[in-house]
Amino acid sequence: MSVIPKFAIRQVIDRDALASRYFEVRSASERICAPLAVEDYVVQSMDETSPPKWHLAHMTWFFEQFVLGHFEANYAPYHPSYAFLFNSYYETVGKFFSRLNRGLLSRPTVEEVYRYRLHVDGAVRELLHSIDDRRLPELASRIELGLNHEQQHQELLLTDIKHTLAMNPLRPAYLAEALGPRGVSAPLAWLEHDGGVREIGHGGAEFAFDNEMPRHAVYVQPFRIASRPVTCGEYLAFMDAGGYARPDLWLSDGWRAVRERGWNAPLYWERANGEWWHTTLAGFRPVDLEEPLAHVSYYEADAYARWVGKRLPSEAEWEIAARDETRDGNFYESGRLHPAPSARTRQFFGDVWEWTSSSYAPYPGYKPLAGSLGEYNGKFMANQYVLRGGSCVTPSSHIRPTYRNFFYGPDRWQFMGIRLAE
Amino acid sequence: MSVIPKFAIRQVIDRDALASRYFEVRSASERICAPLAVEDYVVQSMDETSPPKWHLAHMTWFFEQFVLGHFEANYAPYHPSYAFLFNSYYETVGKFFSRLNRGLLSRPTVEEVYRYRLHVDGAVRELLHSIDDRRLPELASRIELGLNHEQQHQELLLTDIKHTLAMNPLRPAYLAEALGPRGVSAPLAWLEHDGGVREIGHGGAEFAFDNEMPRHAVYVQPFRIASRPVTCGEYLAFMDAGGYARPDLWLSDGWRAVRERGWNAPLYWERANGEWWHTTLAGFRPVDLEEPLAHVSYYEADAYARWVGKRLPSEAEWEIAARDETRDGNFYESGRLHPAPSARTRQFFGDVWEWTSSSYAPYPGYKPLAGSLGEYNGKFMANQYVLRGGSCVTPSSHIRPTYRNFFYGPDRWQFMGIRLAE
Amino acid sequence: MSVIPKFAIRQVIDRDALASRYFEVRSASERICAPLAVEDYVVQSMDETSPPKWHLAHMTWFFEQFVLGHFEANYAPYHPSYAFLFNSYYETVGKFFSRLNRGLLSRPTVEEVYRYRLHVDGAVRELLHSIDDRRLPELASRIELGLNHEQQHQELLLTDIKHTLAMNPLRPAYLAEALGPRGVSAPLAWLEHDGGVREIGHGGAEFAFDNEMPRHAVYVQPFRIASRPVTCGEYLAFMDAGGYARPDLWLSDGWRAVRERGWNAPLYWERANGEWWHTTLAGFRPVDLEEPLAHVSYYEADAYARWVGKRLPSEAEWEIAARDETRDGNFYESGRLHPAPSARTRQFFGDVWEWTSSSYAPYPGYKPLAGSLGEYNGKFMANQYVLRGGSCVTPSSHIRPTYRNFFYGPDRWQFMGIRLAE
Amino acid sequence: MSVIPKFAIRQVIDRDALASRYFEVRSASERICAPLAVEDYVVQSMDETSPPKWHLAHMTWFFEQFVLGHFEANYAPYHPSYAFLFNSYYETVGKFFSRLNRGLLSRPTVEEVYRYRLHVDGAVRELLHSIDDRRLPELASRIELGLNHEQQHQELLLTDIKHTLAMNPLRPAYLAEALGPRGVSAPLAWLEHDGGVREIGHGGAEFAFDNEMPRHAVYVQPFRIASRPVTCGEYLAFMDAGGYARPDLWLSDGWRAVRERGWNAPLYWERANGEWWHTTLAGFRPVDLEEPLAHVSYYEADAYARWVGKRLPSEAEWEIAARDETRDGNFYESGRLHPAPSARTRQFFGDVWEWTSSSYAPYPGYKPLAGSLGEYNGKFMANQYVLRGGSCVTPSSHIRPTYRNFFYGPDRWQFMGIRLAE
């Protein structure tokens, strides 16, 4: 993590610009929570999600632990128990409260968590203005990491809130006015790419996570990749053809998931009055067949691809194909908070994270960050799959072609979709 | 349930007196919740507990279902989903939301639940004043049942809140000023009782639950019963003598519980700085050895009794011994919210529920209430044990010598204690 | 356990008669296993059952531990690991192998287990003939306990074998020639009994388990009890009336069992070609509607009784009603190994164990055996129900009116049936 | 699967040579089982293992299903239930008995299973001699697949037997005389390899599984690979340095496995009298520090590599490094049945399967076999890791440089070891 955020480099690092970006990103987390009732902040709807209150405090602890604690020799933590409560998984930092029980904590209250945020924000601002020039680059670098971390949790906030609201029989909406006008998906076309030795991974000076580095050569066979993600209508055809009842289409672990979890549709889909409806952040709505499909597991993505005689792209193929595409897309800032057809782009960026066939593994020559920050990414490089491109709830400034997201095969609560290859 | 609450009988039933008792009991529930943060209303800390919000709504639904819905032919429920959400276990009334997931519901909000209470309270008051004289006795009877039901949940509110706060590493107190002055327990004496045929159970005109009836004859052997409950100090001697490590003292199911749950002390006890502390509703405090012991399971009560060469009383023995004792005691109204030594009474009533050796079973000739209310008590008459006497968080008007409480052998989160017999 | 088996008392205890009874009972265990393939000895079909091999060795260890080891100061165990492997649950004797994993042990082989039996039988015989007269009564007493223990396991051998064979898709029979001719059940009549103070429990000089003592007074209300057990045909009427789908008929724990375990018929019943069939020890057969019903849980017995507007008898009622009935019945020795209608008796003894409504609890004044043998019965006196009367696989010499068998509410793999009361 | 085993090609396929190889491989399975007691054939010691009896029958069912049933239009199965009992996981063939319950089946007996084998062997021989020349190549091809399948199960037979015997407190040996003389491991050296585009995968005419194909180009960075596997002594240094207590060395999923499963040493290792011992197929023995380490999970392999500052090789690196090495090694035929140091080879082949860092995934252009045989390999290509090289219980004729074995990260019961790379 020695890179310095690009915008902050002139001749010297601009402390004001950094402070301004800090407050912009931090306040975005609070804006996301604005529509919530106090009660919504408390609930953990399944093992994989966390209460919004916990996210807000954890992102703050991250700055306390890795910024304030790192630069101030005698830093006194805001509260003696918060490191225990809000450390997510940094084993080398100390013991932490069980992730499965985050929903059992009514205290600290929401108000106390916001007070905690204010306190830490003040301390970061002060540090930013008082630190000597020599240590400024490292501070800038660690703040940038903290802000990218915050943005990751902003997406999780939205997907976790969606999950919590969706399981409530009252079907509350997060923001009833989201979604926006309907559209029509473009016909599916195939983009041709030659094979050969190519380079992938992050190589520039801008911020990137350690798992995107180093840039390195790979050999790819010639391939074709779809011009847009799979739509709900296309996936419905798979469902109507009995896709969830044909073991020959599924990976063995996928078929077990289908039977054990009783899957017969994407997450959030429900049959009502003879039609398919689903929960969106704007409430319970009929499925729009033109929209990009979301909320399918790796296994469903793989089975669908097998059914149409195609396959999922590798992450190398995806990156090669995506890097010349426009990065403009349907991100969090669009306010839609749901995938939408696009007449304008090929939707490599935004809308839905796209499952690749690649297991999440270190690139050749991968070096994790030093110290406890080395736990950020590297230790998860087993049993997960890489997803690419960001979604409709990803902050737009957070994404890039080399960005590697990763989830377990059965996970579905992120906006996960499918792009085909062959 | 044809009995009419005694206080409400003169020549005719006094509608005002009934309305006044209704509001007194109902508002007590709200008074119990007054010290809570909104967040505290949401959490379900284990399968056996419920969020305070849920209790408040459920007690209200009980009046909607069994009072308003019973007397008003076209009664329109306050909300179409509340019967589903807040029915606890009445299978014959309709489907209900899984008890294990009550903590996953952030909505309805606390405010909405209080609005629900207000609405139903208004409707009950209106019904009480408008109903014709002919149906008034049945209404009075059902309201009385609802109020007794509410009082049961008031106790659960306090024990569930205690459990939730106790598992929070921040150790918040419910009411820091509770507890009061310390005292000293009287020396243990033995009260002698002859054997022979005796009558137990409820036979009068006052309200009692169906499970207390009918009054009936039993044969008891001569017995002696302790003059007060076991104290923390006495139980500590059992612990110090290795009681939790000696399988010969335990029932087989109890010994399994010890090993599987890692029990080595009563619930809420914790070793800190070489002393035993425990969580109380007034926060984390050193154990006072003079206090009556609470928060032990049936198995711990039984093992302790075996260790001292005694046994637990049967519920018949307990009732015979208790019925001539003063019913004055340390109940919810004392504000202490914790067991306390008494120089004044033998503590059959209040302080701690006392485990008896009797399985919870129907009395000979038992008849459950008609209709869905028959599910209130009868269907739980398997695999549970009877406890007697009420506790420091029981409303004092709720208890009587014939009152039968019941819990499973491993349960500990109520204020459950031990009285010996031989 | 100071009682001496009656038959063995003259002026002095007859060593030959005792030796002869010893060999008779011990060889019965081996006769039960004779139809088995070696492979059948190894399997544990569920947590509650044990492999036949384990039973054979455990019964033998019982004599080694409580007879040979007790009387011979320097007794050298046959094998240093057998106490660990074949101790069932005597915590005070030492550690033991997990009951859940008994089916994972391929060794010792069946042959080695039989060799173990031979060795111990020789040592017991030798002890019996060499012991001095002074210690003979205690030896006789302990041998008698060991033989009664062996008989209990003989019944378990047959019910465990039935369970193992029943779950095999090949549907092997234990003994194809068992069962015998069909019969017709007598019409149901009601036997009247007055109420009042009565005595129950074992009081004589013959052998009985500690849990049957002491004889003591109880008060019973007047009652009526059925003249025979419920038949398969009667129970089928309950099933056909939707009994398994009506929560109002079930105890709460019972209804949970119905849903979680998917019960819709007694254990071993299966729908085939439009009829009900079931697994018997003679293989897969159509259900004979005239036969006494077997293989129902306490919950099913209770629900059936509620459906017909009756109830289960208490164990006191059962004992009072049964003690003047003939003890002749359909026991193991009949070779039928299945319940059968009887024109001759009221079937209190044999055919099926009859669930009573009584929780298994100590009688007033109960004293367990001294030492480790005190673990035989007492520690199981929680959460179980008493069954009475013996079954078609109980050795006939093993049963008496005061005999208390006990199982958990959900257990079904014994021959458990229903006798009604009111 | 259109390839024809090389040895069987001259001008025409040699029916006698094929028959002779068939009987050689088939009888090897029986030779492996020869030291077993009947009881050993029945036990399933954990979910991942199968009873030897089941393996013997399953391998036979494979020939019945995919050879006899394929070529004989009216083939009558040997037993109507065997397809249900002995189909392992071929969903497209029909329903099958739950893999978790294979140890609950005492029947068919061992003798019946051997009779089944004889019957099918006779039918295959007859088919081999009677089939017309036109269909002979396909028959040869399917038999070859069946024999390779049989060899895979021969290895599983030995590892499953080892697991079953190891969990028995009696510590029986499979073959007390195995193991052989001790040796000394060569010093660790590093073999250098240039980077660039290389080809891996199977491309020849000999038999290979579908998952080894097609041969294809990959890009590898320059790498160095160890000259021999890690020894027990080297791994003990990691243990002594607290390797199992340092979360920073472990993948997140690995650390969870360490805590949840209580790992503190390789499988089968046990502390006895101050030394490390382990179960081998020759019984319980002190660990020989010179031997190649076996029975570690992927997570332990990965943590060890991190501790020494190295990494695991990718499967491409392994294959590139191994293909010029001698294939001679310590395989099943050596009779040692345990890893051993070698002064003679670099041990890429035999001794222990070597974990690679590569997730098990399809090669570019992978085509599964047609029909139900397509379930053989492809559907397992998720969440598993590739191991290479074969072990001391692999039949030597079964292995080749392109061979891809695969197991889940936590699996340890195969002979799994570590070769380092950097």
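For reference, chains read A, B, C and D in written order, and residue numbers begin at 1 within each chain.
The rule we apply is simple: contacts are C-beta pairs under 8 Å (C-beta built on N, C-alpha and C of every residue); 3 or more make two chains touch, one makes a residue touch a chain.
Remember, it's a predicted structure, so these values are computed and weren't measured experimentally.
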Determine the centre-to-centre distance between chain A and chain C, using the mean Cα coordinates as centres, and give it in whole Å.
60
Whole-Å gap separating chain C and chain D, where each centre is the average of the chain's CA atoms:
47
Graph shape for the chains shown, where an edge means the two chains touch. Line, ring, star, complete, or other?
ring
Chain-to-chain touches, reported pairwise for every pair that qualifies
A-B, A-D, B-C, C-D
Quick one: in the complex, what on chain B touches chain C?
89, 91-92, 197, 216-219, 221, 247-248, 250-255, 298-299, 302, 357, 359, 361, 364-365, 374-375, 379-383, 409
With touch defined as at the start, can you tell me which chain C residues reach chain D in the complex?
37-45, 53, 81, 84-85, 97, 101, 103-110, 164-165, 167-170, 172
